[in-house]
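One chain, subunit A, links the two complexes that follow: it is found with subunit B in the first and with subunit C in the second.
Let's turn to the complex of A and B:
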């Protein structure tokens, strides 16, 4: 099997605080891979090692390897900016640029990185908005500002912004934590549509969401990888007692 | 959240326990019928039919409300199956009584197999009640023995058509033992997540 992401003895420290403890994880190409665990287990930290965003935190130190499609992104010769071009990221709070229009929000990455000739950008924006299942709702108001969108629409706009860059991997850090149930359902349906073409890593604190949308799931607890496997297997018959307690709501 | 699901599962255990008592009672009643003492097996079976619907309703409610997973999910899935097994056991017991009433003839093999079948049903309901998989091996052994009696009853029928009652009753006992074995398999599934 080909792996989109592979960590080898991954350790992360914030100062003297050891938050990820020797994790070996293999994330297969294409599909939804959920990282679940209680608050503070290290799942968001781990996600941030997959695009070297963790380095923006000055106290963070990473040891071990993270391989994207076989290449260790922590090698000295690797430019983190290049890594981030192939790894899109969506955060818990929808963060479109408020001063840019809907259109500009999607086009901005392409323009700044000069990824496409100018005349091809409108086509790519439309493609990305369609991929993000937002086109029909915004096609007549592309010059409007994101403040006039609902929370769920803003989040899909952010997803469109990420998709416009044609990444191979999409990292999502609790993308529905602040979205209403209808918006959440739309984003979950979108994940289902996208997973045939992208490797999606979804951080969630909700075992129910991991069960609904993921193909594989890993359970992290206190910085350690406790269990990983196909979602159906982990939710029907977890191997580890801690996983059993977590998914049944008996932990803590 | 956790506690509410636990309350539902406890209630389900109680319902399955009542169904288990009913199926044992139905089988005892069927045994008496082959000795000429006809009782209320049909009534017991009708009661279990209603109880099975109640188990299904509760299972649906728990699935919808709490999205159970892991052992909770395996228990609820299994309780649905076991409620069906117990209902079928009572139904076969009822059929035995009807057969005994209508078809006359010697029933020697059935008389031998009856206590073994009752043992199988009792063991299966104990295994499920206590979630004790150590009892499952004996269930499989009993199923083999009872199956053997059934085959012998068919062979005997070949030689002597008067043994039809024995073969018909043995057929029901074999099915009952099969359901008891299935209940045992469910116990293993709940505990280990392994389907046998």
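Let's turn to the complex of A and C:
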């Protein structure tokens, strides 16, 4: 079987600090795959190896393989820029570009990467905003700046920005950590709608959220993969004592 | 009860002390502005438009005003592109050897005695060419302008939270596109502030022009390879003259210089706020 993402003996170091320790992980196509674990367990770091965004941090060093649809993105002939065009990302802090309008925020990736002829961009922007369940709320103020949007709306704008490039994979780094409960519910709802078409990797520190929205879950602790499997199974019948402690709230 | 009063009294005394010292610190600023206005305004009122447009023998400072604008413009032309790129380089490659040195050197340049810049440019341009010129004056000013703009550019870029940098790169942009199409526009207000502060600074400089610009007050500058005047330089020369008329002209010129400086500076402080994040 071909996996959307597959890591082989993945190790990440920050300087001499070993933060991901020999992780082998297989993430199937389509659906929500949750990476959960307490703060500092390396889940955000691991997520950033899937689109090589980790390389923005100069002290980071990656060893091992990450395969996207079978292709090792750490092989020397792979251009990280091409990888990132196929992998959308949503961040912990809702970060639409504040100096661009709502419309431009969604169009910017298409425009700068010249992925679409100019006259097709407006249609794609509308499509992406609808896909991110934001269109109805912003269609009359596409030329406004995102500073007036709520946190949840900003986050859905970031989702639209990523979707506009039609990525195959969507990486989400604790997308609801800075969002109010209503906004969180909307984003979780959105995940249900998107998961039939995209492979979504969701990083979360909340076991409850992982249980609510994911199909598969991996539990990461101190840089090691402790347990991975279908969400139901991991939560109802964990194999590892640490996992049980974590999902019942006895562990950070 | 009495302890409470003593405590409150102490607080009042301290506040009064801080208030008085603050007043003392900003007193010179207001004194300068007021005395320049009080002594300059009557001169300009008496001589009218001719003061701004006429030559020195006509009782005006027209060539000096033109010279200041010409020098500032040329200094911006030479200095801004270099300064902007240096600032960006220091931001983008902070850990490279050159990047680290750049930051230190810019700090030194910021505090460098400006007269030495004038002497340097005199040696490399004025002496070999055998004449003062706008180019020489502007080059000296550009050297003074560069660290301001570079440091402000660097700071403005560094203030952008890392998450926006990640967002730009996550869209599959090249380094150049992420930098020039997203991050620089995000920091443009901070960068523009640096540009205007640099311009305001060089528009008022005297020392670097002493050995480079030469001075030209009886006709308007018509070539950038010939000597040129400037308002601060003119003031410096007029104040040394024994003539009372010259002193009056100097006060008027001071007011014009002050207005140019405030005209650049006040809009920066009022309107240039950071991008709302």
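The rule is short, and it goes like this: the second predicted complex is superposed on the first by the 250 of 252 C-alpha atoms of A that agree within 3 Å, B and C clash if a C-alpha of one lies under 4 Å from a C-alpha of the other, contacts with A are read in each partner's own complex, and residues count from 1 in each chain.
One rule holds in what follows: a contact is a pair of C-beta atoms (placed from the backbone, for glycine too) under 8 Å apart; a residue touches a chain by one contact, two chains touch by 3 or more.
The structure displayed is predicted, hence computed values, not measured ones.
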With both complexes overlaid on chain A, does A:53 touch subunit B (first), subunit C (second), both or neither?
second
Determine, under the contact definition given at the top, whether A:84 touches first (subunit B), second (subunit C), both, or neither.
second
On the A-aligned overlay, A:145 touches which partner chain: subunit B = first, subunit C = second, or both, or neither?
second
With both complexes overlaid on chain A, does A:95 touch subunit B (first), subunit C (second), both or neither?
second
Just to be sure I read the superposition right, which of the two partners does A:113 touch: subunit B = first, subunit C = second, or both, or neither?
second
Which partner chains sit in contact with A:207 here, subunit B, subunit C, both or neither? Use first/second/both/neither.
first
Report for A:238: first if it touches subunit B alone, second if subunit C alone, otherwise both or neither.
first
Compare subunit B and subunit C by how many residues of subunit A each one touches, and report the one with more.
C
Which part of subunit A faces subunit C closely enough to touch in the complex?
51, 53, 56, 58, 81-89, 91-93, 95, 97-99, 108-109, 112-113, 145, 147, 158, 161-162, 165
Complex interface listing, subunit B residues touching subunit A:
1-2, 5, 67-74, 192-194
List of subunit C residues in touch with subunit A within their complex
95, 161-174, 177, 181-182, 185-186, 188, 275-277
Considering only the defined contacts, which subunit A positions touch subunit B in the complex?
207-208, 211, 235-238, 243-244, 247-250
